[in-house]
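For clarity, chains are labelled A, B, C, D and E in written order, and residue numbers in each chain start from 1.
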Amino acid sequence: MNGWLLAAAVTLGGGLTATLWGVTTGPLGRRVVAQNLATAVACPGLLLLSQAYERPAYVDLALVLAVLGPVGTLVFARLLSDELTGHPPRAWWPTWTAAALGTAVVLALCAVTAPGRATVKLLVTGALLVGGNVVAGRALTGGIRGVRGG
Amino acid sequence: MADPVVVVALLLVAGSATLAVAVRDPVRQALVLSVLGVVLAVLFTVLQAPDVGLSQLAVGSAVTPLLLLLTVRKVRRRGQRKGRER
Amino acid sequence: MHHLLPLLVAVPLLGAGLLVAVGRALPRVAADTVGCAVSAGTAALVIVLLLNSSPPRTEWVGGWTPVDGRSVGIVLVGDGPGLGMAALASLLTLAALTYSWRYFEEPPRRHAGSYPALMLVFQAGMCGFAITGDLFNAFVFFELMSVVAYALTGYRVEEAKAVQGALTFGVVNSLGAYAMLMGIALLYARTGELTMSLIGRGLDAHGGPDALVLASFVLVLTGLLVKAAAVPFHFWLPDAHAVAPTPVCMLLSGVMVELGVYGAWRVYGTVFSGPGGVPAADLERMLVVLGALTAAVGAVMCWYQRHIKRLLAYSTVAHIGLFLIGIGVLTPQADDGIALYILGHAGVKAALFACTGILLDRYGSVDEHVLHGRARRQRAVAVMFVVGGLGLAGLPPFAGALGKSVAEEAAGGPLAVLYVIASAMTAGAVLRVAARVFLGLGPPPPDAGEYETTGSGEEPETRGRLGFVPDTMTAVPALLLAGALAAGVAPGFGETVARAVNEAGSGGAVVPVHWTPYGILLGLVSTAVAVGLAALAVTRPRLLAAPDWALPLRRLQSGHVGDYVAWLLVGATLLGALALPGVLGT
Amino acid sequence: MSVLPYLVAAWVFLAGCYGLAASRNLIHAVGCLSVCQAATYVLLLAVGYRDDATAPVYSDIEPGSRPVVDPVVQALALTDVVVGATVTALLLALVVQISKRHGTVDPDELSELRG
Amino acid sequence: MNRRFRLWLVAVGSAGLAALLVAACLELPDFGGAWHPYGDRAVRASLDRHTANTVASVNFDQRAFDTLGEMTILFAAVLGCVVLLRQTRDEHRARPEPADVEPPVRRYALIVLPVALLTGLYVIAHGQLSPGGGFQGGVVAATALHLLYLGADYRALERIRPVGLYEVGDAAAACAYLVLGLAGVLAGTAFLANTLLPYGTFNTLSSGGTVPLLNAAIGMEVACAVVVLLARFLDQAVEIEEESRA
């Protein structure tokens, strides 16, 4: 068991357990934030796993998750806007923590990867992940207002 | 069973599946199901099945929640209209 | 020749694809014509293959012929029973498409091709399931035909009952399919193979049966018996069949449900019949107990229905019970009988549904009480309905009667009595409907209280109420009945079926299949009982009205999807318990 | 320990069945059905796993350099995922129509088909 | 049947099934065992035909018939949804109102849309090499289009999404898969036989014979199918309203 795998196990075990707890308890707003957090935790976890198994091909999973995870959260933000506008959830603390985690993991992986296409892929993934999460977090805390028919 | 990360992923799957059943409200269940999708994708990755993980992510993270929520929305909108007409 | 086997799936799918691709520009008539033509072409192909199916051929899709006896591909088996079921499915699809020729109210806007396309996909799914020799591939086609069947059942979305029945159907059958997949995964873990015959050999190589074999058998059988609607997995069937459009009912009752029985026969015969599988005594106990229960419940419930389609659906349940008993007694003779019985039953049942469809479209109701005496002028339909009822009872020389008599002789004793009673009760109910609806005999029957489904309030399926009955709608049931009759009289047909079944099943032990005095006598007895029951019910409705003890049985059919899932779990447990002694004993 | 994945699959399947039977909302029931199906993925992939092996994808490793897990179960699970998603969609379409025609999605209130 | 009786039934049934499943689990080969005969054969066959992703080889070559069935299930489900979610006589379409989305979300959606589309195409194109393939990529590409709904509104989405065209694309891709399969029969080998094209150089985009072609057909089929599927649900949730009955 190498260090990367340990890091992945800790990230995924800890992060996803917290997410699971958050998504099943409390008011709806908190649950949606927790759902957003699932992407933010699982994506770095998948990157760490790819490094742990020495399989650059696994980065594709993280890439797809970084693209689609925030889309999923935006779906919830859009379609639940009525329920969420009354009580906008506070999401800054977990969102930025997760963003920091994502950044740290991506930078660490870039450091150990030989520069090339792999690095570009990692950076794109990281940018999509962090950008997506921050925007999704923002959308949840009142970014989509006044959606009526659409 | 050398791999603790497999155990972690399995337990997460068991937990989130149980919670997905236990949460009664369809909207909240959709949230748990989307987390279940991500957890399953992680499990598939540690079971060395990235292809399956990828398709689970593609389906579970956006498409299925979107379908569920659109259904809830349609059902609720009907309910609200009915309520107003009464 | 055997290279053409995969085309049984590919041709109807290609037709469906083309119908959807150009369906927007296609007028209704053209779409229907294309659908019928493709379906007929496939049927012709099946029949050509069927005539060349002795000795049975196998085809490895993609040319992955085995190396050292092992392959990585999927095998299709072109033997008599498989191709026979495929032929039955194809012919019935053709009949249903012809019956619905320009029949439905307007299709969804600019989607003229969607209904024939769905029917063609249904045909492809049934053919694929019938001929595949690979267990996972069987699951895929099982799901394919299920998915199409859900969509077709709910086709009339403006009917409240239709969408509810379709959802129940969908949930229960999907759950059954997932149980089957769990079973397949267990078998793969044990044997490392997916080809059915290789799984069987793998199980035998491992030694006697154990918990894993039992669990996988129970799970796979659960999936198949849900499809076959054996008690207690049967609840979805009346709900779905009562509400599906009539042409779809013809397919569901005539062949899809029977494919579940066929699947159980095939899977047991190729996977679990060896020394490493499930002992024969256990299988016999399972299928005979379940079959007897199914036949009894189906017959009783059938008798007390007033919704005609629902009545026919329960009669299918009762007959499925008889089929299960037949394949459960595990003699080559019974297999032959059941094969013939399925053919005869399909023709008769599809014809009865077709006649009911005509009633629905003429009078806007399928309720026995509402229609009392209203269809006096429909002489042709009346004759067909009565003939269908007699065919259901097993009046010689229908093919069903021949098959039934052979199966009765093989089962023997009390089971033969059950055959007579179950077929007589279902046929009696059909004849009672005929007497009341077409002849207006007897007083209007009393209502049985709130716990029943009435057949009134149904919308006609055609564009407006029909002023006259189109020729296609009367020709199809007539041809179906003629087919069921011809299969019983045609000299040598029974022998051919028996040879084909035995070549695939019991390894060539050909048993003579022909009319015997005993069989004819039993057939006449059950017909007489059916006529007697119908006469009694019409003249003395109070005497045979629903007694109190039948009420709990009716209450079980609650229309609640949660109940049905609970029964599915109980049924799986029951299957396990019934097979347990043999597994513990070894 | 060596049977934990199988037990998890069995647990998930039964939990889904319980949810399906006890559900008071058809949308929730369809969600539970997809939980049942998750059990089949877990079981299939657990059956095909091999210790210390990696994915049978040779784009970034040399063929034969590392042991690989069973690709067949992965293909089966992939098929299964597609099937699950489509069945979910179709059943949800039926739920939408039920809510229109019956005005409710509570199975306890749907009582037109019985007896 | 009341709820209590039902839960009793569930308890009995689950207990029995659980006992059966647990007993079976104890008999299963240990998790992580080394014995996978079919898998080993499949890997060898895949390498023989120069397909780097053996899962793609199983899906599109060795067990391509399964994938045909899977594709058809998707095709049938889309057809079924088109039929089930049609606009009935008692319904009309209400014009969706424009939505008001905050600029960051809008910018994000518009930037990510092309990235997501490219990701989808990349996942499809590399299907026979790295993890991914027609199905996964198709879903990603189809989801990408719906960013327009999230970032703008339904009307914007409708402008770039002629559903009819996607339906035709869905059917055409399904036909293409079948025609590729039938080509094998016409060439005298077998249905879906991968013997028509050279197998190419291992680990390049054109390797694997017909695998990339079948993969592309599936990609197109899935992308179109998901778009149509979501369109039907969006129509129901956003546009179609019932006539209010008095």
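Worth a mention:
Here is the rule we go by: a contact is a pair of C-beta atoms (placed from the backbone, for glycine too) under 8 Å apart; a residue touches a chain by one contact, two chains touch by 3 or more.
The structure displayed is predicted, hence computed values, not measured ones.
Contact with chain D and chain E alike is made by A, B, C.
Closest to the protein's overall CA centre, chain by chain, comes D. Looking at which of A-D and C-D shares more C-beta pairs in contact, the answer is the pair C-D. Farthest chain from chain C, judged by C-alpha centroids: A. If each chain is reduced to the centroid of its CA atoms, chain B and chain E end up 17 Å from each other.
Chain C has its Cα centroid 50 Å from the Cα centroid of chain A.
Averaged C-alpha coordinates put the centre of chain B at 11 Å from the centre of chain D. Residue positions of chain E with contacts to 2 or more other chains are 6-7, 9-10, 13-14, 17, 21, 24, 26, 28, 31-32, 36, 38-39, 42, 53, 55, 58, 63, 66, 69-70, 73, 76-77, 80-81, 84, 123, 130-132, 135-136, 140, 143, 146, 229, 233, 236, 242. Of all residues in chain A, those that touch two or more other chains are 53, 55, 57-58, 60-61, 64, 68, 71, 75.
Chain D has residues 2, 4-5, 13, 17-18, 21-23, 30, 39, 46-49, 51, 54-55, 57, 59-60, 68-69, 72-74, 76, 78-79, 81-83, 86-87, 89-90, 92, 94-97, 100, 108 in contact with two or more other chains. Chain pairs that touch one another, listed by label: A-B, A-D, A-E, B-D, B-E, C-D, C-E, D-E. The touching residues of chain E, counted against chain C in their complex, run 1, 6-7, 9-10, 12-17, 19-21, 23-24, 26-29, 35-39, 41-42, 45, 58, 61-66, 68-70, 72-73, 75-77, 79-84, 86-90, 164, 167-168, 170-172, 174-175, 178-179, 181-182, 184-185, 189-195.
Looking at the complex, you find that chain D touches chain A at residues 54-55, 57, 59-61. Remark: chain B residues 2-5, 8-9, 12, 15-16, 19, 22-23, 27-28, 30-32, 34-35, 38-39, 41-42, 45-46, 48, 50, 53-54, 57-58, 61-62, 65-66, 69-70, 72-73 touch chain A in the complex.
Within the complex, the chain A residues that touch chain D are 53, 55-58. Interface of chain D with chain C (complex): residues 9, 13, 17, 20-23, 26, 29-30, 33, 36-37, 39-40, 43-44, 47, 72-73, 76, 79-80, 83, 86-87, 90-91, 94-95, 97-98, 101-102, 107-108, 110-115.
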